[in-house]
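A, B, C, D and E label the chains in the order they appear, each numbered from 1.
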Amino acid sequence: MKIGVVSGNVVSTINFPFFDSKKLMICDYLNSDGSTSGYTIAVDRVGAGVGETVLIMDEGNSARQMFGLDTGPIRAVIVGIVDAADFGETEVG
Amino acid sequence: MKIGVVSGNVVSTINFPFFDSKKLMICDYLNSDGSTSGYTIAVDRVGAGVGETVLIMDEGNSARQMFGLDTGPIRAVIVGIVDAADFGETEVG
Amino acid sequence: MKIGVVSGNVVSTINFPFFDSKKLMICDYLNSDGSTSGYTIAVDRVGAGVGETVLIMDEGNSARQMFGLDTGPIRAVIVGIVDAADFGETEVG
Amino acid sequence: MKIGVVSGNVVSTINFPFFDSKKLMICDYLNSDGSTSGYTIAVDRVGAGVGETVLIMDEGNSARQMFGLDTGPIRAVIVGIVDAADFGETEVG
Amino acid sequence: MKIGVVSGNVVSTINFPFFDSKKLMICDYLNSDGSTSGYTIAVDRVGAGVGETVLIMDEGNSARQMFGLDTGPIRAVIVGIVDAADFGETEVG
């Protein structure tokens, strides 16, 4: 898993039932020094808001299981809001 | 998923039935500052044109499910046209 | 697999039974010159502590099998504590 | 998929029936400006020669299906020779 | 697949039967100019020694099949010793 910071969301029509009423969040990857670099688009499972630090599961089979699905087109999913992350020298949350 | 911008297409004979009449688009990956870097070749599922900002699913099992297949040689697929993407400071679309 | 150094842990509520009582460790990837760059969040299977050098398996199916699961949302897992790693010029552990 | 340029081949004895009489080609990844960076070793399926621009499928399940296999140790395969690739400003082929 | 050079090995107790009597080798990835950058930890299948140039299969399902397993926690495996690799301008082996 990776830690990210929600920076925004994406509006796009995806013609596949799974995505109905799902929110697609833009998550910037958090570096261990507290900066961010790169991003992924993750399906939200926990009601994360912009600016929140989140845990991102980035593997298709894991992502499907978080939604209780055997099949489904998902790869990255926000699985938790980070209460605290201790990077040794940098603390987040 | 990733956000990309369609920059062109690839013409190649692939000797496998799945690819008959499928379009292969070159998609430049969009950075959060609005620039692009790197690219992937994705199968188009939504009729995307050059210059359009798109959502790219880049996982084999997900890609297959978007086409309703159990098996098939696909990894990346354009799954939606991006109406708006809010990267915090940069807005696209 | 990769070699990492445990730098800390993450506190996050993940609403899925697998994660109950599992520890999520922040592991900095070890370079062959002894420095670190980048990190992953791995589920601990061996009781690793901060500062320890560990082996990280980073593939979903492998990770599940280390926990004896057919399904489950895991990708990266700490599978062993490194007693010695010989990088040719640099020795760790 | 990715676009690559075949730069050479690898001679190695692999003790597994699948690799008997298969050619392993070194493919440099093509950047959108026409330069190359990085490479992968791909199993040839189309009779590609050194210097040719090719399409590379880099996912295990897809690679297996191109060879009509349910199982087999393959990840990257050359699936087509590129007749033309339009990167917007750079044209290849 | 990738080409690597074996630079050393890792000593770690992994509490899982598959790893009993398996050797874990540190393999530096070979660049096309003959330099190396980055590494992976691969399970040895061919008796490779330090300094040898090897072919590394880095995909879980492929790795398992090289060992004749349906399941098992492996991702990267040394599948062959490279007799010769022709990178166009640089020759290895």
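A few comments on the model shown:
To be clear about the criterion, contacts are C-beta pairs under 8 Å (C-beta built on N, C-alpha and C of every residue); 3 or more make two chains touch, one makes a residue touch a chain.
Small disclaimer: the values here were computed from a predicted structure and weren't measured.
Rotating chain D by 70 degrees superposes its CA atoms on those of chain E, with the angle stated to the nearest 5. Note: centroid distance chain C to chain E, computed from Cα atoms, is 20 Å. With centres defined as mean CA coordinates, chain E is found 32 Å away from chain A.
Counting partner chains per residue, chain A shows two or more touched chains at residues 60-61.
Chain contacts in this assembly form a single closed ring in which each chain touches exactly two others. Beginning with chain C and continuing to chain E, the ring of touching chains reads C, E, D, B, A.
Residue ranges on chain D touching chain E, taken from their complex, read 7-16, 24, 26, 28, 39-42, 50, 60-61, 71-76.
Those residues of chain D lying in contact with chain B across their complex are 1-3, 32, 45-46, 55, 57-63, 65-66, 79-88, 93.
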